[in-house]
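Alright, structures below, take your time with them.
Each of the next two complexes has chain A plus one other chain: chain B in the first, chain C in the second.
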Partner chain A sequence: MNRLVRAFGGPTGLIGGAIVVLVIAMALLAPAISPFDPDAVALDRQLTPPDLLHWFGTDQSGRDILSRVIWGARPSLEIGIGSVLVSILFGLPLGLVAGFNQGSWVEQVIMRTLDAVAAIPTLIWAIAVVGILGVGVSQLGPLAIGNQTKVTILLGLLYIPGLARIIYVATLVEAQADYVAARRLQGVPGWKILFSDVLPNTLSPVIVHATLQIAVGIILEAAISFVGLGVQPPAASWGNMLAASRNFVFSGEWWLSVFPGLFISITVIGFNLMGDGIRDVLDPRRKLTMAPA
Partner chain B sequence: MLGFFLHRLGFSILAVLMISLILFVLTAAIPESPARIVLGADAPEVQVQQFEHEHGLDRPLLVRYGEWVDRLALHGDFGTSVVTGLGMNEQIAETLPVTLELVIVAFVFAVVLSIALGTASAVFENSWIDHASRIFTVIGVSVPGFWTALILILFFAIRIPIFPPGGITPVSEGLGPHIMSLVLPAFCLGIFYTAVLSRMTRSSLIEVLGQDYIRTARATGLPRSLVLRYALKNAMVPVVTVTSMSFGYMFGWALIIETVFNIAGMSGSLLNAISQRDYATVRAVVFVFTLIFLLANLAADLLNAWLNPRLRTVQA
Partner chain C sequence: MSAAAPAFLEVSDLRIGFPGRAGDVPVVHGVDFALSAGETLALVGESGSGKSLTALSLIDLLPGGARRLGGRIRIGENQLDTLSSNAIRKIRGGEIAMIFQDPLSALNPAFTVGRQLTDAIRSHHPLSRGAAAKRAEELLDLVGIPSPKARLHSFPHEMSGGQRQRVAIALALASGPKLLIADEPTTALDVTVQAQIMALLARLRQELGLAILLISHNLDLVAEICHRVAVMYAGRIVETNTVEEIFRRPQHPYTRMLLDCIPRLDDRPGPLATIPGEPPLFGKLPSGCPFRPRCPAAHERCLAMPPAFPQEAGQAACWLAA
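Showing the complex of A and B:
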């Protein structure tokens, strides 16, 4: 147990890790653990408050809110994690190459372009671009791209500058290290040093950043779905459940808004605590990485 | 400092040009032609071509971009929407002040409260105040503001009707009601940044308080409050940058908060334009937001360089 606590950077990190594991398990096991079909309409059970049959109550179509919250974890996590993977796919090589070619035009071109992209406000652009592309399925040649994939890729692209800069800074430091000079003297080609020696040493801050960025992504997904441009109904997502609950706040049906928001909050707390914990373990010098979103 | 300023300004102008080009392509080349939106999907091709010709939509994209930049840069004019026939400047002039007021109130709230919380937390490190404020920061950065908004409306506008459940009461109906209608939206918008900034203030101040010169100052018998004032001044250097950037970020979240509270700000302009497929207005609104965001970042850089003279030479 003590070793487990230490691996997560302390008890709060462990709590965060446990929350993350539980939420991921809930999403994966949704078909087995959800008590009802999340999309099953029951017109005789509309807007019933929480009771023994429907623990979280039912919505305006009589759908079971607990089941929808369980299934709604899937798009939240898929977008949160997927967008970070997209940003790593592009941001990692860009940051590495820029950092390893310090002083050259390659570094200048990559970093100045990324600086310009970093000047794009994420949320507004995500909303506007999805609005322009439309929430339906877009055809890109032979590929049919659904709205959830669109949001994932879009957020991933907008994350690239932040991630690339972290790798860039880490690579700058590593490129000055004696072991890189030694490898060069051995006649090892630059790209090989970069990927087999430098890359592994830059991963710590990337892992920390990625974990915290997943938390940001989950909130962004909820916000984009909240204005109707994310996951489309009838499919359940935490954000679109909150959007649908808006009309019922005024008539006092609190359970429609309380439970989806509670799950977003707990999940995001989980990723934030876990990210902070991992940072304490992997990267103890950097205490101030949290940036506004 | 002047060299640094010009360097940053030059970069910002380049960034505006590059981003506005991307924005123009996204809003002018990708979606369907405004002619099809105005005339209907079944309109005959001849009619569509005539409409496009009349409105200059059949010219090359770069020419239209150049014209857009030219009109905007020289006259500050976004033009008239082909789809709605409304002037975009009027629309922005009507909704931007609403959003601006909300963001400024939320920003002041966040800055004042975060300095107080962060300082108390650092001075009384590991006391109950510190623990409580650290729990608050974790919750504050994790709970989405628009959910807090729904919950607060439920309790403090519906169950116990202290605040209006939505909209901003105009000042003409009295300053009191106007302020009351701003409380919940500004709180929900500002709380995330209160958490982020108080956390930064705390860790930065703890670091400064541990420095030798502070210990020396204390040893010479300077009053505690004076020492704290010196320490706080130095501790705020890294915080100021993020604070300034937060101002830009807040506009994005203001969109969502405005939606929850039915506030007739820029969010309405953007979301209406999206649902009416009025992409010229989408472009105008997104451009305004991006410009504010860029200016906030520029201010952050300049403040940082002003407070931290070493950076001027390193970066310039």
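Showing the complex of A and C:
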């Protein structure tokens, strides 16, 4: 147990890790554990408060909220995790190349372009782009891109500047290290030094940032779905459940908004605690103080 | 230096500069030296004297915009200034290797010692992983690391400073170099470990017939293992001679003052000797002799004209010498 706590950087990190594992398990096992069909309308059971049959109550169409919260974890996590993967796919090489070519035009072009993208807030970008493209299926050449994929890719692209800058700074530092000069002396070409020697030393801040960014992605999914541009009804997502519940907040049907909101909060806290824990584990100064334990 | 065998390394009129607003600002003004196999030459001088730049230019690793403005470098059969950078990369990897000041920075923290050694070996010799690992073990043994086989699986942070520098030396030897550049290899180490590392370098020079170019500001260390010393000041070699002669009969006032700075056991207690003033800024050399503002023996002639560079051992770039 002690080793498990240390692996997550302390008890809070372990709690975060446990929350993340539970939420992911919930999303994966949705067909098995959700008590009802999340989309089944039951007009005789509209807006029933939580009871033994419907633990989280039902919504205005009589759909079981517990089932919808369970199924709604899927798009939230898919968008949260998928967008971070997209940002790593592009941001990692960009940051590495910019940092390794300090002082050249390559660095200037990459970093100034990313600055320009980062100058407009992510949520505004996302709403503007989805608003222009529409929430339906977009046809990109032969590819049909559904709205959820569109949001995932879009958020991923918008994360690139933040992620790339973190890798850029880490690469700047590493590129000065003597082992890079030693590798050059061995006659190893620059791109190979960059990807096989420098890259592993830049990964720990990336892992921390990625974990924290998943939480941001879950919130942004909720925000985009809340304004009606994300996951489209009747499919359930935590964001569009909140959106649909807004008419009932002041009419007493609290369970419509509280449960999806609660799951967003718990999941985001889980990813944040886990990210903080991982940062503590990967930080060498922290490692020194924990080593003798 | 007109021995029967030609020197392995020959540098003549090497000039290095940084780009400035009004053209290049020279910081190394025509340096000449030669180095034979099995010989150790020390480049000695204060920070900013150009000794590190001189060494780095040999391996084409000049920092931040600095570039060679002129001069000739011959390594073995190859005239470096006439080659493409691709060809230079092949030569410097195979024939020249370098040991750095800070062994922690010279080793990649993400990989085991064994992985780094085998990578370095395989970048020059087409060996299988197994054969390279065997060779890596031999190298660790050669540099005096106990139980080398087990150490192959260690990460740099699991080793002591002295061991790390030994590993860095093994790494430098992986390609089978003929010339080893050691840039203040003991600055980051404890005094007792310093002596061990210098002894190791001396042994390697003998066993492998290495030519070693040692860059240092520590004349004590230099005295231990070097054959010849070139004293640099403000981008020039001001005096060059054998170690014995430098210590016995220093010609240049700067050399004398450097020697006076070494504390001795029989010194009376009191403040340590220093050289007053600072080395001149890049591109702002005083008129006449560059050392004039700090020289206790300067007179009118030093103000009017710079002295000639030393042409052979025993001469010094000083009007008062010889």
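Note that in this section the second predicted complex is superposed on the first by the 283 of 293 C-alpha atoms of A that agree within 3 Å, B and C clash if a C-alpha of one lies under 4 Å from a C-alpha of the other, contacts with A are read in each partner's own complex, and residues count from 1 in each chain.
Please note the rule applied: a contact is a pair of C-beta atoms (placed from the backbone, for glycine too) under 8 Å apart; a residue touches a chain by one contact, two chains touch by 3 or more.
Note that the structure is a prediction, hence the values are computed from the model and not measured.
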Chain C versus chain B on the shared chain A, clash or fit after superposition: fit
Touched partner set for A:Gly252, first chain B, second chain C, both or neither: first
Contacts of A:Ala177 with chain B and chain C, given as first, second, both or neither: second
Partner chain in contact with A:Pro200 - chain B first, chain C second, else both or neither: second
Vertex chain A; arms to chain B and chain C (CA centroids, nearest 10 degrees): 90
Residue contacts on chain A - larger count, chain B or chain C: B
Which superposed partner A:Pro121 touches (first chain B, second chain C, both, neither): first
Chain B versus chain C as contact partner of A:Gln186, first or second or both or neither: second
Per-pair minimum CA distance [chain C against chain B, superposed on A] in Å: 15
Chain C residues within the chain A interface of the complex: 59, 61, 64-65, 89-90, 92-94, 96-98, 100-102, 105-111, 116, 119-120, 123-124, 157, 168, 171-172, 174-175
Chain A residues touching chain C - in the complex, by the definition given at the top: 103, 177-179, 181-182, 184-188, 197, 200-201, 284
Chain B residues touching chain A - in the complex, by the definition given at the top: 11-12, 14-15, 18-19, 26-27, 30-31, 138-139, 141-144, 146-147, 150-151, 153-154, 158-159, 165, 192-193, 196, 199-200, 203-204, 238, 242, 245-246, 248-249, 251-253, 255-256, 259-260, 267, 270-271, 274, 279, 282, 285-286, 289-290, 293-294, 297
Of all residues in chain A, those that touch chain B in their complex: 12, 112, 115-116, 119-125, 127-129, 131-134, 215, 219, 222-223, 226-227, 229, 242, 245-246, 249-250, 252, 254, 257-258, 260-261, 264-265, 268-269, 272-273, 287-288, 290-293
